[in-house]
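In the two complexes below, chain A is the common chain; its partner is chain B in one and chain C in the other.
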Partner chain A sequence: MSTPVTQRILGRHPLGLLFAAPYAVFLAMVFAWPLALAVWMSFHDYFFAAPGVPVDRPFVGLDNYVTVLGDPDVRRSFVNVGIFLLINVPLTVVLSLVLAAGLNAAVRARTFLRVSYYVPYVTASVALVAVWLFLFSSGGLVNEILGPLAPSPSWLVNAKAAMPVIALFVTWKQLGLFILLYLAALQAIPRDLYDAAAVDRATGLRAFWHVTVPGVRPATTLVVILATITGANLFTEPYLLTNGGGPDGASTSPVFVMYQKGIEQGNPDTAAAIGVVLVVAVLLISLVNRKLLERD
Partner chain B sequence: MKSKFLTTSAAVLALGLTAACGGGGDAESARSAKGPIKVWLSNNPEEITWGKAMVKEWNAAHPDEKVTAQEIPAGKTSEEVIGASITAGNAPCLVFNTSPAAVPQFQKQGGLVPLDDFSKGTEYVESRSGDSAEQYKSPDGKYYQIPWKQNPVMIFYNKDLFKKAGLDTSKPPLTTYADFLATSKKIVDSGAAPSAIAPAPSSEFFQSWFDFYPLYAAESGGKQTIEDGKATFDSPDGKDVWNFWHEMYAKGYSPKEKYDGDSFADKKAAMAVVGPWAIAVYKGKVDWGVAPVPTKDGAAPGDVYSFTDAKNIGLYSACKNQQTAWDLLKFATSEEQDGKLLETTGQMPIRTDLATTYASYFQKHPEYKTFADQASRTVEVPNVPNSVEIWQNIRDEYSSSVIFDKTPVDDAISKAAASANDLASGS
Partner chain C sequence: MSRTFWTRTALFLGALVFLFPFYYMLVGSFQKTPDTTVRGIFPTGGWTLDNYTDINSRVNLLQSLLNSVIVTSGVLLGTVVFGVLAGYALARLHFRGRGTLFAVMLLVQIIPFQLLIIPIYVMIVRSYGLADSYAGMILPFAINSTAVFVFRQFFIGLPDDLFSAAMLDGASELRIMWSIAIPLVRPAILTACLITFIGPWNEFLWPFLVTKNQDLQPLAVTLANYISNIAGRATNPFGAILAGAVVLAAPAVALFVVFQKHFTATEISSGVKG
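Now for the complex of A and B:
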């Protein structure tokens, strides 16, 4: 029996479309439309103008891309964020998995520890940055403790240390969310697997390596992709912690450069081109990560 | 169904085109219209006090042209909020905090109304501010801002810390670069303060207005960074200024790390680059003295130029009752209101003969007199296309060479000047 045309288009429960519509519209307005507009802007000579002002916005082909890829500040921002991701993503995966496994096993103070890890995630970055400035500035607590071992120049004005400090800050701040993801995944691993491993004398670290790590692999994929996406959007920390991507541009990020060019300098077309390059790069990294992590 | 969709689309498109084409007529009628308007004030408490009192006076005399004043909505900077409101079409009629550096961008966006379009507009601007007005003229020869008030930049020093360092507190040696460096050495070596002076070493485009630019204005005898479309600072004067600050950082007299607070109030630095606003801010906290910015070989205080640090008033094109906005603008910049602004905020109205017009004020407040005198020798940021991008490039090169010593000063200054030449031409 053939399915009626309306049913093929609207599905078996047309009412479902109605319920899904508000979110679909929200997605289209907040994500799809701005993304499409950004792509369009990146191929045109575009600037923000008052409504009703006649403005010529000619098609410029790849000019904006040539400009941004030829700009050493933009290239440097991509290198910086690459360094950031190389530190932040593995550290996030390892720390959140280990801490989640520990929390999963802990009997005492489990709630207290969960809340403690989650608090930085829900605290405003501005407040946390103030704490880290207190810790890592020249006369800060860390240098006081290190004494003669403190780096010179100090952490946040040291071209080699600034980005790693930011990566450490973001790892610590985001850890709560990723621990929660791993906790959920850990609770889905059947107890039988650990019992079977114990029969084979695999306990402790070996059980962790052979049962826990493979058991949370889908969660690891999610953590890696989420950490990559949020990390690639790095902005607040270079803006506040290192005073605008300092020292001498050592901690600028592509989003920070987009802000400078698009908002401060009135060049949203080149800013959009950086954004498109960033989206493509993040998609590629995420695809590679997914392929690597979901291999059997 | 398809034809209905097409008809509706055509109707929407036609409506949009009609609205767009109607813009010209709307603009014409808005220019002469009178009625209620909205204005934005800066978030400086003293300016808000003055602004609210000024608006109250206006409203009492003009019940049919009611003015509503509010602080500029919160944002990273006022310029970003104003830029966004221009794009959204909901900018207020007047903003009493329009940065001269942002005017070229707002003008390009079509967000500003040329004041010359109003009856005797040009005459009003020029008669109030005299020759200083010229610096605020846009490349098309029109005024898209009225020069309102300035905070001429000078050097504040902490007398207690200077005394501790064994320095003269009434006329400390701060006139030449050699004097300034020797004074800084004494401050740091004596342990009077960890730093001699601490301009923000961060990379925001506007930070050069408080280290490089005041000294360049002084050293060059009042030159802007760009004149007649060409960068002027790739010159012996510009290099002297960059080399002076380079030495301040290299010798540890100025910190490379931004202090998270007020280094002058917290006695982490014995000097600061300030405007007259600082008098009220440090009252009762620091026993201060004031000196002009230094020059390489020294100059009489009456010959030293500096940076204006001005904020102006812009009339925005989204305004529906622009004649009221223009009338309010003239009221707010009248001799009487300028006097009240000076009295309330200590900031200097950009008027001819400031010191004589408000002689009684300066007699009562002699501490402001030095700044009033400096106000007659100030230099504004150049009104050129891509202004913010030019300042950002200058800042980046300055950071790299002067603060962090990564590139030679001569190379960096030439690179910044070459980029400024390109950008100022509008490319």
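Now for the complex of A and C:
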């Protein structure tokens, strides 16, 4: 038995500290410390130097941020993500809620349907990109079906179409997860509410609008936030699908620009500043979404 | 026609749309020359295994697969061992700093690692010198926070009586965890392993950044490099790419079809919901 003194310092179960220690160290190493380092780097003139060589990395205030925000490539990438989110988020919310509601009502072949919808989510983007490249190439099946309606230049090399195709790809890939989240939320709506609505002659679409939609509002908040975060993370799809950023940078993403500037061009300080801007943006968007979607 | 009929038809059509790229990938990987016309969706001939031998001769398919297995196993091992311990501590033990740890764990789910890629790269590659190593590829994913959350939720769900009874019998904390709690959360371990598997197996950006040595690259990276650099020179570029894609996709798809029961709404949302 431990004495009250150690209990006061370490808590009622000191063993918990031991159990949690590896995870706490892990979080400190790959999350807390990098976050602090990102902020520090973004305020200093940071460059890669040979290990062990002492170098001077002077404080430069907001210089890196000024460089980043004045850089047309960076601005372009943020606009691109904006376009991405405008297409992806509404499409994701509507499709996943409607499909989840349908799945919830379906009795037969539910397992088959559920698995079909989440298979893209569990599959590597790289593998799925391969088949989309094939489908959307200039002589691919999509253009073959569209015939004279096919866009010129073709989808992935067309500055107007590149980002929408990426948004569509990600919607398809991620939808399964969001359907699962909505399914859980739907199962938590009490049956009584639908019975009460039926008494008021609200069935079908009206019940969906007046009972289901408000009933899953917390899940909607979560879906919007997670979809936004996915958008902020975009890298693999623009990199592979549109061959590294598309025509005239029409499908670059901030993470892609971070990679270019930080690692290819050796400016980790400005790249870190882009990262910090993104982290702040993601946190702000999450907060605003929460406030907007959860008010009564 | 009843509404159920239409709902069901729409759901099936949707499922077909979702599955079609997988079907097209598989069919294309076995075709000698790709037929991209509508008729080519159901080819009647021209079957071949050449695309698989072709991709295998251009990239080291087996070595890449092995690398994917090693990296994924490392992450699974770290998550199961240290994640269960952390989940148990967060759920059932009162210790100093528990609230902080829990808050940080939730924050990790909001601030994704891609946004911190530059400082993590600086640390792991420059400071620790872990470029071109399995350890460097595993480290940022070593303990999956969503899995820790799933473990915590399951341990919290266990009835308190169970623990107080064991306590009265004089069992130690360690013994209670090992012989009572862990056996009861075995299904959660499977679910957590499935969620964790998706990450390292499919990850492209991080292993792409830390490996220059092709003998160490996981399949996702090998295939991506093939797509962006070499594919143009192959005789049937899409055939070889699709064959590689099938090899990369198959293990994940198979795993999730076999264990679909453990990847359901309730099990996942308990892990992802804040």
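Just so we're on the same page, the second predicted complex is superposed on the first by the 271 of 296 C-alpha atoms of A that agree within 3 Å, B and C clash if a C-alpha of one lies under 4 Å from a C-alpha of the other, contacts with A are read in each partner's own complex, and residues count from 1 in each chain.
Assume a residue touches a chain if its C-beta (ideal position, glycine included) is under 8 Å from a C-beta of that chain, and two chains touch if they have at least 3 such contacts.
From a predicted model like this one, the values you see are computed outputs, not experimental measurements.
With both structures placed on the common chain, the touch criterion links A:L156 to chain B but leaves chain C unconnected. By the touch criterion defined above, A:V60 reaches neither chain B nor chain C. In the superposition on chain A, A:G249 makes contact with chain B only, while chain C stays out of contact range.
In the superposed model, A:D73 makes contact with chain B only, not with chain C. Looking at the shared chain after the overlay, A:G16 reaches chain C, while chain B stays out of its contact range. Of the two partner chains placed by the overlay, neither chain B nor chain C lies in contact with A:L168.
Among chain B and chain C, the chain that touches a larger number of residues in chain A is C.
Of the two partner chains placed around the shared chain by superposition, chain C is the only one that A:R108 touches, whereas chain B remains out of contact. When both complexes are overlaid on chain A, the residue A:A197 reaches neither chain B nor chain C.
In the superposition on chain A, contact of A:I189 is made with neither chain B nor chain C. Within chain A, the residues touched by chain B in the first complex and by chain C in the second are 48, 51, 130, 133, 137, 243-244, 263. Within the complex formed with chain A, the residues of chain B that make contact are 19-20, 23, 26-27, 77, 79-80, 83, 86-89, 91, 105, 108-111, 200-205, 255-258, 260, 317-318, 386, 388-389, 392, 396, 399-400, 403-404, 406.
Taken together, the chain A residues at the contact with chain B in this complex read 47-55, 73, 130, 133, 137-138, 153-154, 156-157, 159, 243-249, 260-261, 263-267. Of all residues in chain A, only 9-17, 19-20, 22-24, 26-27, 29-35, 37-38, 41, 48, 51, 99, 102-103, 105-106, 108-109, 111-135, 137, 139-141, 144-145, 172, 175, 177, 180-181, 183-185, 187, 204, 222, 225-226, 229, 232-233, 235-236, 239-240, 243-244, 255, 258-259, 262-263, 268, 271-272, 275, 278-279, 282-283, 286 touch chain C in the complex they form. Of all residues in chain C, those touching chain A in their complex are 3-4, 7-8, 10-12, 14-15, 18-19, 21-22, 24-25, 28, 34, 36-38, 40-41, 82-83, 85-86, 88-90, 93-98, 101, 104-105, 107-108, 110-123, 126-127, 129, 139-140, 142-143, 145, 148, 173-174, 198, 201-202, 204-205, 209, 220, 223-224, 227-228, 238, 241-242, 244-246, 248-249, 252-253, 255-257, 260, 263-266, 268-269, 272-274.
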